[in-house]
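Letters A, B, C and D name the chains as they come in the text, with residue numbers starting at 1 for each one.
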Amino acid sequence: MIDVLYFAWVRERIGLPKERITTSAVTVADLVAELVAREERYAAAFADTRAVRVALDQELADFSSPIAGVREVAFFPPMTGG
Amino acid sequence: MIDVLYFAWVRERIGLPKERITTSAVTVADLVAELVAREERYAAAFADTRAVRVALDQELADFSSPIAGVREVAFFPPMTGG
Amino acid sequence: MHTVRIQDRPFSYGTESDSFAAAAGPAGAVVTFLGRVRDDGGRLSVMEIEHYPGMTERAVTAILDEAVTRWDLTAGLVIHRHGRIAPGEAIMMVATAARHRAEAFAAAEFLMDYLKSRAPFWKKEFGPDGAEWVAARDADEQALDRW
Amino acid sequence: MHTVRIQDRPFSYGTESDSFAAAAGPAGAVVTFLGRVRDDGGRLSVMEIEHYPGMTERAVTAILDEAVTRWDLTAGLVIHRHGRIAPGEAIMMVATAARHRAEAFAAAEFLMDYLKSRAPFWKKEFGPDGAEWVAARDADEQALDRW
């Protein structure tokens, strides 16, 4: 079981801020592939993964990062704070 | 007749903040030579002219600048504001 | 005195600047930066800032710690708002205190560059023509290269 | 809103920062810098700043005008004290407001670099071991080369 969080337009496209899922994905990219295969709204959110950032347990990571032991994955657009 | 002003350690060495003098100097350098010839305290103030800055009518200038028409000459060390 | 505050309520730039300077001890140089919502001639009615609670505090604290260490700051402060913010209102501020001005300026610019691109905030602009997420600028990402 | 104040009385950094930001209009970015007398562990009891009345206002105004033009500032402020100033007290501040942060930061650093070396102020430090004029630093003169 892993918590998956979405922010900004990723959240809007998927239509929810957070969900708890069961996955056998090894890497972030595997997890994204699983989500995209589920429903059109996930495919829309991850249509261009260069425009999506990922954090594992609240630390920035890469799509190639392994997710073993991770409790919280978050997907969001490039940040625009400041 | 020209007003000559001194600031900071130039003022302290010469011993006065301001004087009005009559001079036939053409350039700032000529004026300094006239002053240095006057008294030891002027020679002390202008011992190292690389350490002295000059302003003509409140605008920074050079020792080679002409002083014709100038009403106010000021001598001071490099500035240390801010 | 290294302080991070993520909050939805407004703050007073002047009051925070004074408190910061007072707490910064004998530092000769204090730099403060205030970021505000621009008006853009009525094109914008309100800005909404989303953030990632938990990660935000962690990311901003890490950025501030890095600045404090790199420039030997005697104090550092980041305040960043989230939620709805009207044109002209303060979005965020940073403050740095160091012995000399070069360090205080560099640290403040470093903080701003990293907060722009590495802290989990997202701005959405609401105007008469609808709402739009602010796009990240390439220039903001490139600004990180100088550090 | 381009303001130059040369004064012997103290000023409040917070109050001035708030007034400046309020008067700066819709600028997105405000940078303020505060320069204070450092304590230096008791080595300094008081600082005295001499200036050149008349030329000071003229020189500082020219420096501020240059910054406003070069970085298209919506507002700029310089306050510089003269006379006796105790450790920890404010010597001077600058404030800049621009559309984007890069311009506001660059203009504030430019102002500081030029005020250091081109505005007619001279600092004298009084301590337990006597009084000494602060020497100009080569680094301050070299700092001008970047502009």
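Details
To be clear about the criterion, a contact is a pair of C-beta atoms (placed from the backbone, for glycine too) under 8 Å apart; a residue touches a chain by one contact, two chains touch by 3 or more.
The structure presented is a predicted model; accordingly, all values stated were derived computationally and were not measured.
The fewest steps needed to get from chain A to chain D, moving only between touching chains, is 2. Taking each chain's centre as the mean of its C-alpha atoms, the one that lies farthest from the centre of chain C is B.
Computed from the mean C-alpha positions, the centre of chain A lies at a distance of 26 Å from the centre of chain C. With centres taken as mean Cα positions, chain C sits 48 Å from chain B. Distance between chain centres (mean CA atoms), chain C to chain D: 23 Å.
Counting partners per residue, chain A has 82 as the residues that reach two or more other chains. Shown for chain D are the residues in touch with two or more other chains, namely 35, 101, 112. Each chain pair that touches appears in this list: A-C, B-D, C-D. The touching residues of chain D, when paired with chain C in their complex, are 12-19, 21, 26-40, 87-88, 99, 101, 104-105, 108-109, 112. Residues 35, 49-52, 54-55, 58-59, 80, 91-92, 112, 115-124, 133-136, 141 of chain C are the ones touching chain A in the complex.
Residues of chain B touching chain D in their complex: 5, 7-9, 11, 55, 58-60, 74, 76-82.
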